[in-house]
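Shared chain: subunit A. Partners: subunit B in the first complex, subunit C in the second.
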Partner chain A sequence: MTYEKEEKRPVIEFSKEISSRLGGETITFCYQCGTCASSCPVAKTTEKFNPREVIKQSLLGERQEILTGEAIWLCCSCYNCQERCPQKVEIADVIYALRNTAIKEGNIPNIYTEFASGLMNEGRIVPISKFLEKKRPEVGLPPLKPAGIDALRKILSATGFDKLWPKKEAS
Partner chain B sequence: MTSYALFLGCTIPARQPHYELSARKSLAKLGIELVDLDNMTCCAPPPLQSIDLETSLSIAAYNICLAEEADLNIITLCTGCFESLAMANTLLKEHEKLKERVNKILTSAGKEFKGEKEVRHYLQVLMNDVGLDRLKKSVTKDLGNLKVASFSGCHALRPSHLLKFDDPERPQIFDTLIETLGAKSVWYRNKLKCCGGLLRGYADDVALAIARDKIVNTTKAGADCISTLCPFCFLTLDLGQMLIKSAFHEEYNMPVIHYTELLSLALGIEPKELALDFHKVRLDKMISKIA
Partner chain C sequence: MVKVKVGVFLSDCEKQLSEILDFEALASYVKKVPDVVFVAKGSEFWRGKGLQEIVDAVKSKKINRVVVAESLPKLSEIRIVQAVEEAGLNPYLVEVIDLKDHCAWPHRDTPSEATEKAKAMLLAAIERAKLLEPLEKLEFSALKSVLVIGGGIAGMQAAEDLADLGFEVHLVEKEPFLGGLAARAGRFFPTDDCAICIQSPASDVKTITYTSRKCVYRSGFSEIPNLKILTNARVVGIEGVPGNYRVTIEKKPRYVDEEKCVACDLCTTVCPVEVPDEYNAKLKTRKAIYVNMPSVYPPTYVIDENACKFQDCAKCVEVCPTKAVELDQKSEKITLDVGGVIVATGFKEYDPSVIKEYHYGDYPNVITNLELARMIDGFGPTNGVVVKPSDKKPAKKIVMVLCTGSRDRRWNPWCSSICCMISLKHAMLIKEADPEADITICYIDIRTTGREHEYYYEKAREMGIKFVKGRPTEIVEDPEDHILIVDVEDAVSRRFLELEADLVVLAASMVPTEDTKELAQLLGIEVDQDGFFKEYNAKLRPTETKIRGVYLCGGATFPKDAPTSSLHAHSAAVKAAKFLSTGKIEKYQKTAFVNEDYCGDCEFCPVTCPFGAITLEPKGEDHFVAKVSDLKCEGCGICVGTCPLNAIELRHSRPNQMAAQMNALLSVNGTSKPLVLAICCSECGHTAVDSSGMAMMQYPANVRVMKIPCTGILQVHQFLEAFKAGAQGVMVVGCKTDGCHYEVGSPKTQKKVHLTKTLLKEYGIEPERLEMFNLVYIEGDKFAEAAQKMTERLEKMGTLQLMGSS
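Right after this comes the complex of A and B.
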């Protein structure tokens, strides 16, 4: 259903940018009811994160504040909010879209660089220690199958993922 | 004998050989064959989805392609892997354009996602392939004195329209499977709430406060143990109790046990065969209640 009026509404560039990204499509459906915030385990624990606020700031076009701030990294991806949203805003996915945008611009928390280098170097985000690999037959486990690192690197290169960490990881 | 391609993931082989061991032993006993395929990679879970969703979907799809080539459905132990793979599988099956976009990327690795296979959580395999009747008949130990606080974690349940696992607000599968073993499943406050595990490494204090809530609530409910499905929840709650001890000066000693371990014990597999030394919180007291 479309309304003529809708076309005349001011469109804020940032929400347009996010809604065109994978995961961000539903951001503009939000009517700020706060069901997300009351379902959020993190919002109950710290004042630094409130999903309703993140969506609001994004809709109002506060691009810098969102992309360089701490809040988007405090979602624990539990999907409780998304499950309950009466407007079907895919909140956890919108936050992925915001994180993806922040990372493209170089705002990368250290832990994510660690995950990415594990992936790029070993094909696993949690690398397996030699100690545990040796221990496998002792406890009665079969040897680990090799990870498909070659295929993975081709995928990472096709999507440009490997270029998000230009020099540091290449050396 | 039903065969599945085992998707092992990263965290289980890297941290929790006891989980893998109990899964292999118990599922074999119930006639489920696990096939280990070459060249699987990371499943592309939330930390990678946070970096780039398109890459993550492509990596998940690549892994599903390997199962398609082997003509097998996938079974997952790790809930994170289940979410990443099942979500990608449903999305790509239901959205032709997204499938085309991902397949374009996959040609670089010589793969094509066809959408011919299913991604199953191992609890679904127990429910559907083994069945409650056969499971009940396979139990040789008496777990009647054991009060179990089930904690399925978030990513077995949500997002429910993509995972199609259980009701996200009133799930029943996990508790049914605990009671089928003869144990009592106990209710506790905030049972469906997240463990906070995904915030570890970015906001450790927030993650620990959320985990502590879970330990406090299960303790108050009088549970003998928490049963988990996800290696990340396990880590957050088991190792987490060591961290809670130093940060809050509180000691709970609440055993945390993967469902496959509980299942193995119920099927009569000896505790000494299950590498239980990898647990931080000792299980002795809990195991002594099994006759």
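Right after this comes the complex of A and C.
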């Protein structure tokens, strides 16, 4: 067992930081009943993610571990936890608040950078392969319409989305 | 009119004060004040020779206003007022101030400034005393009888106490039998005794020499001569005032004569109607004519109106050997005159079917704690065996889920406080009867806060009951065999568990009974944020409501276990007895009154009064005027501060009395600093000033303290008048906003101060010159600090420039 020095952790500051962000307001309601954990389809598949522990770690002020770790990126946003939390902690939204904080500090998993550049360059998160385009008429789907990339870029720049990402990705 | 003659008594507290204050100067200053006819100096005036001197002066010098400067103002005031009253003067013509704690001690470093402040304080007391009026002593009659609503543990205990004390008591129970929730629960923790067991009444002890406790139906409880029990009855109307209430009760027909029934059970053998037995969690059926349990009070059968076929059947009428069944009984209205009311309507178990993921109501084998209690009870539907409702076979694997609906912001945010212990009790009773039973309790926190409760939890662990720290997310049922799976994370071992169970028991939360709101409205009392009846102040006035004469006890205020309900009931009984024991209510008329010509029937005051003392009474056509009940008014003056038309005044704190006091306090400065008026409520505010002085905390002598009953009495114009009278700054010192002794006074004043600040800006006065502070007695240091800082702030601002002044 390892002991960590409690005084190093600015407990209040981090939970305040998160609760002052959109989506993070309810984080301090948590009393660790674990309803979220047992509701979570991801937690039952991998030990890398447990919503109860993400909240606990945040409340304990483990800022670095949370913001640079991979746990917050594993939530699948099914909102089961949020639906059933007896303290009305908006768990999925808290995790979004944590993700936004992490992104601000440049901690972005590659897959999200790819999503973002896909969105800004092609107007789609998921790239469309030739295979898919060929497959659509076979199952009776109409051909895809162009993504309206110019309008989308305007929106992304008006909301400041384009500035969140490293320059080379947005080019 | 009798000429005002003021006598002033200056105590130097055994020379403690004369080292700081110049008493010669004070005495000669006071002598020059008009209408002061007598001045005495002494070492103490609140006891012994000093007190006698005051009495003599009242008698021989014919002084009719008494001003005393003493230390220990609270204690000395009581003694001086009593002595003066005995000497034949009205006690409300006395003014006692504290030159020690409010002047000499906090300003000991600046003696000459302190002496000047003492002059101002004395002048204020004298000017106020001159304007004081004698108050009349009122007497109201009070009936020595009490209505107790609710025949559970609490109601029965309160009724018994009061009946033993000689009061006429009427106990009203809405169900056909006494006992309430405790009777259904069977046993109580941590002793596993019968929950329905009560203390023997005094009459029992005297006549039958039974000193032991026993259950309601065996005790002499029902035989106490001055206790009348009405079952199957509800309170439908109440009017009147504390001491004299007229209550209307609707008694539903029982269809069986209580005097004739011998409880032979022949009627149920012939009754053809079978209905699910609600009392026993529908685990069995009962007849249309029935009793809940063999041991009930009254020991009289009752007919279920909704199930009985009446004249189409009437078999019970034929078979009854005593001709007790009367199918033509009608409901009747009963009128009672009582002096006080005790509400003991208890709480009820929450219906957890709203929590969809637990499937209560859908799955037969998901039950609540109360349903389990019925199964465990030997008198219950399964004769004490815990079964699966789906097939009535014994349940071997049991999972208990705590906090079902409690501590849940979606349903009931409070902790129901007794469910942990109830679940432990059930688990152990099951385990005792069947050591093979596999019991798991899923918990968020186990709360065992009472005496010996933690040992109970320890015993449960010893017995092999398993504990999982986690709240289940869902219960799933196999539709074939009705086996349940409970999906839960054990946070301690960080594992996900799927617990298999024959039976899942939900510890459903405890909530207010359905008629709480209606009854509260009928009685004119309040419910709290959770919907329970609201106790006026849980520490200072437990079991009391905002209306004297109406008391609360037991689970009606919050879920309670049987011992706590009993304790609460004793308290309510004592409160009611104290209020009614003399058969009269005496009080001085230190109450508010309405100038009817000014009243604009705006309804502000009736809504605001924390004691429900103000009503709107018709006057002429289409016009109403506010009327204050002298009986209910407690003299806080919040109505005065609320009235937009200055139509209400409070006796003993009338506007002219307050103005004279304020002007006098600000008439002498004696310091180079800006004058500050600290208006303090007589409860926490003024005592915080006391405590700062007692601890010799120093603050400048330019701060002048004015005492009022509650800050709620203040009107916006009074702040402006203070500035006009020479104050450079005004501090308002009241109770904490959620700890106001009159509930709404302090929070209302806070808003008023906020509003006045905006107004001050309009007048060109810096809003920072007015500030409210919410202190308690022990925060004397905060008062001293605030007074110091206010003075510094004002010094920086410079002299106040009032519009229109040169």
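By our rule, the second predicted complex is superposed on the first by the 141 of 171 C-alpha atoms of A that agree within 3 Å, B and C clash if a C-alpha of one lies under 4 Å from a C-alpha of the other, contacts with A are read in each partner's own complex, and residues count from 1 in each chain.
Basically, a contact is a pair of C-beta atoms (placed from the backbone, for glycine too) under 8 Å apart; a residue touches a chain by one contact, two chains touch by 3 or more.
Since this is a predicted model, take the numbers as computed values, not measurements.
> Specify the outcome, clash or fit, for subunit B and subunit C once both structures are aligned onto subunit A.
Partners fit side by side after overlay.
> Looking at the overlay, does A:33 come into contact with subunit B only (first), subunit C only (second), both, or neither?
second
> Based on the superposed arrangement, let me know which partner A:144 touches: subunit B (first), subunit C (second), both, or neither?
A:144 contacts subunit B only, not subunit C.
> Which holds for A:86: it touches subunit B only (first), subunit C only (second), both, or neither?
second
> According to the stated criteria, A:124 is in contact with first (subunit B), second (subunit C), both, or neither; which is it?
first
> I'd like to know which partner A:43 touches here: subunit B for first, subunit C for second, both or neither.
So A:43 only meets subunit C here.
> Where does A:52 make contact in the superposed view: on subunit B (first), on subunit C (second), on both, or on neither?
Second partner only, subunit C.
> Quick check on the superposed pair: does A:65 touch subunit B, subunit C, both, or neither? Answer first, second, both or neither.
A:65: touches no partner chain.
> Using the touch definition from the top, say if A:103 reaches subunit B (first), subunit C (second), both or neither.
first
> More subunit A residues touched by subunit B or by subunit C?
Touching more of subunit A: B.
> Superposed on chain A, how close does subunit B come to subunit C by Cα atoms? Whole Å, please.
So the smallest C-alpha gap separating subunit B from subunit C comes to 6 Å.
> If I apply the document's touch criterion, which positions on subunit A are contacted by subunit B in one structure and by subunit C in the other?
Subunit A residues touching both partners: 80.
> Could you list, by residue number, the parts of subunit B that touch subunit A in their complex?
Answer in residue numbers: 8, 10-11, 13-15, 17-18, 20-21, 24, 36-42, 45-55, 57-59, 62, 66, 105-106, 108-111, 154-155, 158-160, 168-169, 192-194, 196-199, 201-203, 206-207, 209-210, 273, 275.
> State the interface residues of subunit A toward subunit B in the complex, per the touch definition above.
Touch list, subunit A to subunit B: 21-23, 41-42, 45-46, 73-74, 76-80, 82-83, 90, 92-93, 96-97, 99-100, 103, 109, 111-112, 114-116, 118-119, 123-129, 132, 135-136, 139-142, 144-149, 151-152, 154-159, 161, 164.
> Applying the document's contact rule, which stretches of subunit C touch subunit A when the two form their complex?
Answer in residue numbers: 357, 403, 407-410, 444-445, 469-474, 487-491, 494, 496.
> For subunit A, which residues are in contact with subunit C within the complex?
Residues 29, 31-39, 43-44, 50, 52, 80, 84, 86-88 of subunit A touch subunit C in their complex.
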